[in-house]
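After this come two complexes, each holding chain A, first together with chain B and then together with chain C.
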Partner chain A sequence: MELSRRNFIKFVAGGAAGTALSPLPWKLTDDIAIWTQNWPWVPDPSTGEFTNVNSVCNLCPGGCGISVRKVDTRAVKIDGRTDYPVNPGGICPLGMGGLQLLYNKTIRYPGPMRRIGPKGKGEFVMITWDEALDILAKRISNLRKKGMPEAVAAVDGNQRMSTMSVMVERLLTSVGSPNYVTTPSIDDTYLISNLLLQGTDGPMSYDLENADYVLSFGCGLLEGWGAPGRVMNAWGLWHDSAGKTRAKIVQVESRASNTASKADRWVASRPGTDAALALGLAHVIIKNGLYNSRFINNFSFGFENWTSADGKDHVGFKSMVLDKYSPDQVAKITGLNPEDIVSLAKDFARAKAPIAIYGKGKDDLDGGVYECMAVHILNALVGNINKPGGVLINDPLPLSRLPEIKQDAIFKQGLGKPRIDQAGSLQYPFAGSLINNLTNKIIKSPKSPVDTILIFSANPVYTLPDGGAFKEALEKIPFVISFSPFRDETSYMADLVLPDHTYLEKMVDVVWPTGLQYPFYGLSKPVVEPLYNTRNSGDVIIELSKRIDSTVQSAFPWENFEGVLKARAKGLFKAGGLVTYDNMNPAWERKKYGNGSKHNYTSFEEMWTKIKAGGLWYQPVHGFDGWEGLFKTPDRKFEFFSKRVQLAVDEYAGKTTYKTALKNMGITVTGDQVCMPHYEAVSSDVNMSAYPLRMMPYEMINLASGWIPSPPFLYKTIFDNQLKGDLSFAAVNPKTATEYGLKQGDRVIIKSPAGEVEAGLSLSDGAMPGIVYLPLGFGHTAYDEFLRGKGVNPNEIIDAEKDPLSGHSVWWNTHVNLVRI
Partner chain B sequence: MKKGHDQGKHKYGMVIDLDKCTGCGTCMVACAAENNVSVRPDESDKQRSIAWMLLYKIDNGKEFPDTETSYFPRPCMHCDDNPPCVSVCPATATKIDYNTGIVSQIYTRCIGCRYCIAACPYHARTFNWWDGYFPKGKGLDRYLSPEVSPRMRGVVEKCSFCHHRLMRAKDQAYAEGRKELKEGEYITACAEACPAQAISFGDLNNPGHKVSRLSKSPFAFRILEKLGTNPKVYYLSTKDWVRKMADNYLPGEFKPVSKASASADKKTTLQGG
Partner chain C sequence: MTHPANSSKKTSKGGWIFLLSGFVLALIVGWVIFPMVLYSKQSQPMNFNHLLHLDPEKVYGIEGDTRAEQCLYCHAFYEDGTFAGIPKVEKCIECHDDPENPLGELPEEMEFLVKYVAEEKEIPWLVYSEQPDCVYFSHIAHVKMGKLDCQTCHGDHDKTEKLPVYQENRLTGYSILIWGKNIAGYKKNTWDRMKMDDCAECHTKKGHEENNACFVCHK
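Let's turn to the complex of A and B:
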């Protein structure tokens, strides 16, 4: 056939139509898709038997119940447990991403390491556990032989009262060193405040679920305060219009955080003025007679003016507050409107079950003691202490005490020496430990008073708000040992790393999550076999004690860490509690006759087996609502005027002068006010014209800022006006930016007396004018490509002041300047 | 061709209570962990970052201290009426199943033309510009679930309403000799993980299910309802300014919900600064 133009077109058109009608093109697109996707490097997850292992999340002290889905030996997903009292079903984003911490080989230590490169570089060589333990034991026993056991120090980041933290303290004590310090936690502030006002030593117990008016002074309820699984569940309950627990939430905070934004009312007062606002509210409550006179008259001390035994007249809380904290006076300090202070006070006092709670973002930094006391006073005024929806008074968890430690001469000599951080001294009578003081002492001394420092579950180089001082201190300490499972900033400074298991590979306890209102003990268990040559630090301490000497060894008579957990848990058996949880019967619901509190075990061993299986022990919230015999202060009353503070100040004044004593304790008022909660303006000698703005770090629930690194998953949830590439952003009010001639997206240097960092500028109407808000959790210099070098760490420029009375660091008042690049 | 919408036995859907939503992002992480979503060293490039469930932050546009923010978690809407992505797909890689209402995505069929991404009014679809980031020696592939196949570069992915969880629940029911699923047996990973219980999931066709009750609330709404795609993801908010953001309204067109319960939620903010 002749190939004419017509035929050619016919052929092409016919061919095209024919091909289109045949299945060929569809088959081809499908096949091309399949062929181009079968590459060997696309992971093909192996399959196998599916199981679920119940455990407890230990990434923060919240202690949420988790259920880990496994395929054969691999853990593939973490879910919340619905049969767990703390978090009925949900967990937080950090807990959800936990498997990326377990399985990310490049952020973990494969075994014990000895440093070979310069400090901070992270160059190590792997050694055996035998070698590692011998090096450390020899070092400690040599110090003991030299009669200077106090040169051993420990930094402990484990939760207060947890068995690991008891073990670390015990190791130090048995060695003969008083220098056991902890990383900061709001729990320290709570403990001091409870002791001074109530004389009680139990944890702060906020009955949030039963409250109908929550007045939160800075608690990051939605940023990770307390047990996030519990608090966010309560948030759901409060906003469930069908439920009967509907409550009104008021947030006092300078920035529109998630909590402030989602609250029913946002009270934007200046940072650091919480005490003034609380006392202003007290003023209105007292002036309008809205306080609970039965509580005030019968169970409190120091409300009215009083006369002491020596015939001296004293000013009562009422007179002080009426005199110094009128709405107008408080408005000047806080920047609020006087009418709003009045209405807030009235709303609070008139609610059925109002609760005033105190915090500073997440709970992993300290707060102010006078502030915390001033806030708690509000609960006393309305009599909402030990009542449903109020602040409950609980004893500490009934764990057994470990046996006394045998004392030898070295022990007595070492423990007789004063603590390097001066905690518990005349100047800081109420502090348990002051890590900033330890740091400063080391930096300022020509030779570090600490020779060997052990660091457990902590990354203080990164997390301490000290302008990088701790890192400087570590450079001076001759021998640094980290027990971190992760390649973090602190372990990079270590001479020896003895890596712990991660939380999914070990058994460890959670003792009373922050703020929970009922006694609770959680126990995690190994979900997977340890992936690397790591060891539970509890077991390592026992093994180490054997190698130091027989005296130290005698303090640790247990075979392994589980033995210690069991020894302490004996007390739980005596107290009796539930070891299984039925979610139809919430732990926070009050039952008149102890419904459901019958336990289902007869022996300690049986209870322990059940705790191991279920991961929990708890007692439902107690129904006690009387005030008789509740307070353990010198007067057996709730003290508006703290006699303990009076004693402490008098004792110190006796050794020096009254004026010096107050000055050293950081107190600027005099007279009776010293012993009552009052507002202390943070003093600062910073040149305000050089540093006219203030910088506050802010925390997020979806970014880890403690010693646990963020799983990379979390970076999906970070907005690009918080982190873009390697640049993190400071949130600044548009008005402030205009004043400085800055605009959205500008790069700036944020300069404080402690240093400077570079950040982008993100304009936000949620930021208070005059304040620069930097996100906390970026700026890692260790770990891997997911975290390293992304953004800046505000801790590096924090110029901390000292909190009056406690000596803890005031990290929310750094003066800064902005310079455009 | 109006096929099967109402005849379909089940119509799985979601109701997200924005008053309860705390913006924590657990839903996003739970989703990514459940569905083997790739995580790259730089997740701050939001044009390239992959998220089936994405959290949007919105604000009322007012100045300090009257500014107010809220969050919108956005999964795939699983449009019930002619999903725009389905009608444009040249490779039949995405389909709607009228027995469940789930809009599927079959990665091995996807040819990466991204027509569906352009068509989707909700930005619910993302494209794999790279292979999943699982470098050798890092060990991160050890947490991958065998229930969802990992994707490679050149394909589009999106929320599947955790379809494999439906399969799992059906298997379980079959093993127990049942044909029907009970409420709560099949829920998505995001709904299960939400610590504030803001996300409910269930069968919109079943009047006994919580979602079907909640979806009829006066405060319920959907995003871009005017497009007529009939999404199966509902939102609840008592705040007018939040509801107003869900669509493009002409001046005066938006009708606030006038209910007594709405006034209880009126938010006040104190002056400060």
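Let's turn to the complex of A and C:
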């Protein structure tokens, strides 16, 4: 009975037999299989009630309706709303990935922060809201006491006319500072162009859905231009499911973008020559008598040669284009065939509802004013203004004006000073805001003229095409405050961060998406309770005003930000409009004088409750009631010759000389051409032999390139010829590569006068020879491991010139060289 | 020197005892000790008396035409048809709305009012029938369309006065009721086990074999 080796084996054998006859092995096998499904890193969805909350996306000026699916209190999915006029059911990749902006805690600020490390390092310590607001209020109030209110500046990235932008501007005005600066947007270009040609101050309204010929000058229709949800939907309407083309799309762009590749015709003209091409088309249209003579003869000014009151003869638009923009002349500028220009012009003019639209990629940045005007002139020539499928003229959104601000001595003294960015000055009479001028002034002055800068909904350090100049300016500004909810590049430079909620946690209005043809007001509202100790910047401004002094406080008599939203929305109630929408009857088919004029509320409160529940107020497309009394220019006509430009140039010339005035405004032509849309070659004093190539940044629908960061999900959709590992890839034509002895996959340094970046080379026939195309949206230096250090940001090497007349940045024409490493 | 044959004979006699003791010990471990070790025992945060709450004299409106309707009084469907599962405190306070004034005299109710209603906190119930995340299960399809009684899967839970002790599988984290209380997996009643084969068995019996396709539940 001893435990010999043999007995031990028997014991084990018995044990094995017994185990096999017990449930242990079978049960364990099953359990282990289940155990492997429940490792701690396997996502564990929450359980609870499923609900859907309707809101409006606020990540771009597109104003798409979104429906957020929630399980219990957690948001789990964002979809486009089918019961929404802007984006019937559609949504872009950024909108879909929005939950990561909310829940990715590594990119967010958990509460107010004070900087403890050096600027740019992102080292902060959390403080209370009380402390943060006191520090800021004291700073502003001291500047007011010292009689220097103009040393407070603000950079605002909120949508033009939105209540947040009105609040920020109001804060600056009530403090007594004229230095309210906005980040660039194509809306600025549209506004100036509309003002000069039409005298109107409403937004650009393109009736895309009803057009049958879309001539797009650089608009990234499939890259996120305008209101992406709406444009994608329109694209679907242009090509119906049966494959029948209802509208022809022509894309004018130097690169084979998605839009160019999928358009019916791709016109690859040289970048920056859009104005020449548009005027070349005008030449053919006029020469062949294809223009709308009723419109031209009765409702336009400056088409034919004319004589002014002082007896001077002036050249008309017709003579100018016939003289200077023949297909042969334009072919030389644009690099196109003269025959193509002729056929394009004839196709355009003979279409039933042709529309020429202007933009630059996503339209996150501004464009050229003369260019935009030249393109819009095409719509005028064919008389497609205020007609279905044309450009509509709308009044601005009928929002109520906020009460006048009480003026004290400091207020008058501060606002009496000129703007640091010179917008609205004699040199830049039409610009509302010129952030690049502000930057340069700060860099060039021995002491920054700005003491305290407030930055709202913007990440200018990353998004401005200025070769890193804004960052340099922030280094010099003594006190920088960021209101960003995200740990972005600009907030890293801040002394104080007062984080806003993200768009899924707050109520804010979304006004008139870029390019939409009918008045629209949406309300983005909280989908979840705020996750962190953040506050709606609108509420913060009200609270801040109370702490500055009683004068500033008196400009903000509201209890909270919703009070301001409501105060402005009263105007919508007076104007009437619809607050519900059924998708069986698309908005672009509704006419004001038809079926859609009845609204379904009786009191303001009822309207507001309905907007809050569904987030929408809109008016049907207007009644296309002719051209009578439409234009508000000095001549009450569509001005081919802009009298406003003439007045502005004359006024400036009166203070200096005519030559200097034009030179300072960046205009190279003289005489009557100055006041008409014309082509201006981008001037540059860069040594062309040192920088023989040009770099153009380009945008993608599946990557955010504005102040909102990309959700990491989006990086999964990037192709290897855009980003591979941590290397950005630049697209270059094989011909250009051969000239420089480069091949596919080579690593190169892209060098410009403003700096250099490293990239891989991707050869593509879709790239125009001589141009290096770099994707925008990469190269973050802040945020977290998913965004930081991935590729390069083209903005870092952009050496921007100034657009003539407007002073905006010409961001798409940087001279560069390629050096292999 | 011992003869090899003798030696083997000698050990083989006692050897059977080793074989048997190994066998018996393994059976004891497998059938008795293993289940004891595998499952932890936890009590619910507080007791809930189902029987009491199903008394129409005590709960106004609880009487239904069927037993399922009675259950649905609290374990309701949401508007979109998804199942609410265990009710939230929000449902309880439809009756127990005043933390100061209990409706009955039981100490559990007082505990509930003080700890959860007054504090506005949810009760962290341990769920007996929680299925793995990889399984999609629709209550409304089974109860409304399939006309199954709640008992078919959940047994006579509605007739209990005390909540049973919650036994959690230490490896998988799921309740003992999924595999079934019988470690060998034997079952007498339909509600004794809630494994995939049990779903399939019922589908087949009711003539819905098409619902045994993988993707019906594993979306």
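The working rule: the second predicted complex is superposed on the first by the 771 of 821 C-alpha atoms of A that agree within 3 Å, B and C clash if a C-alpha of one lies under 4 Å from a C-alpha of the other, contacts with A are read in each partner's own complex, and residues count from 1 in each chain.
Assume contacts are C-beta pairs under 8 Å (C-beta built on N, C-alpha and C of every residue); 3 or more make two chains touch, one makes a residue touch a chain.
Note that the coordinates shown come from a computational prediction; the quantities given were computed from them, not determined experimentally.
Chemist: Who touches more of chain A, chain B or chain C?
Modeler: B
Chemist: So, does A:Asp31 touch the first partner chain B, the second partner chain C, both, or neither?
Modeler: second
Chemist: Output check: A:Asn733 vs chain B and chain C. Expected answer is one of first, second, both, neither. What do you get?
Modeler: The first partner, chain B, only.
Chemist: Check the residue A:Ala16 against both partner chains and state whether it touches chain B (first), chain C (second), both, or neither.
Modeler: second
Chemist: Who does A:Pro418 touch here: chain B (first), chain C (second), both, or neither?
Modeler: Neither chain B nor chain C is touched by A:Pro418.
Chemist: Report for A:Arg6: first if it touches chain B alone, second if chain C alone, otherwise both or neither.
Modeler: Only chain C; A:Arg6 stays clear of chain B.
Chemist: Does the superposition put A:Thr47 against chain B (first), chain C (second), both, or neither?
Modeler: After superposing on A, A:Thr47 lies in contact with both chain B and chain C.
Chemist: Just to be sure I read the superposition right, which of the two partners does A:Ala268 touch: chain B = first, chain C = second, or both, or neither?
Modeler: first
Chemist: Across the two complexes, find the residues of chain A that touch chain B and also touch chain C.
Modeler: Dual-contact residues (chain A): 26, 30, 32, 34, 37, 44-45, 47.
Chemist: Where on chain B does chain A make contact in their complex?
Modeler: 17, 19-20, 22-26, 28-30, 32-34, 36-37, 39, 41-46, 49, 51, 55, 57, 59, 61-65, 67-70, 90-93, 107-111, 131-132, 134, 137-146, 150-152, 154-155, 189, 192-198, 261, 265, 267-273
Chemist: Which residues, counting only chain C, touch chain A once they are in their complex?
Modeler: 11, 14-27, 29-31, 34-35, 38, 78, 80, 82, 84-85, 132-134, 169, 171-174, 179, 183-185
Chemist: Show which residues of chain A lie in contact with chain C when the two form their complex.
Modeler: 1-4, 6-8, 10-19, 21-24, 26-28, 30-32, 34-35, 37-38, 44-45, 47, 49-50
Chemist: Under the stated contact criterion, what part of chain A meets chain B in this complex?
Modeler: 26, 29-30, 32-34, 36-37, 39, 41-48, 69, 71, 74-80, 87, 89-93, 96-97, 99-100, 102-106, 222, 228-229, 232-233, 235-236, 239-241, 254, 256, 258, 261-270, 334-337, 340, 344, 701-702, 711-720, 723-725, 733-735, 764-770, 784-786
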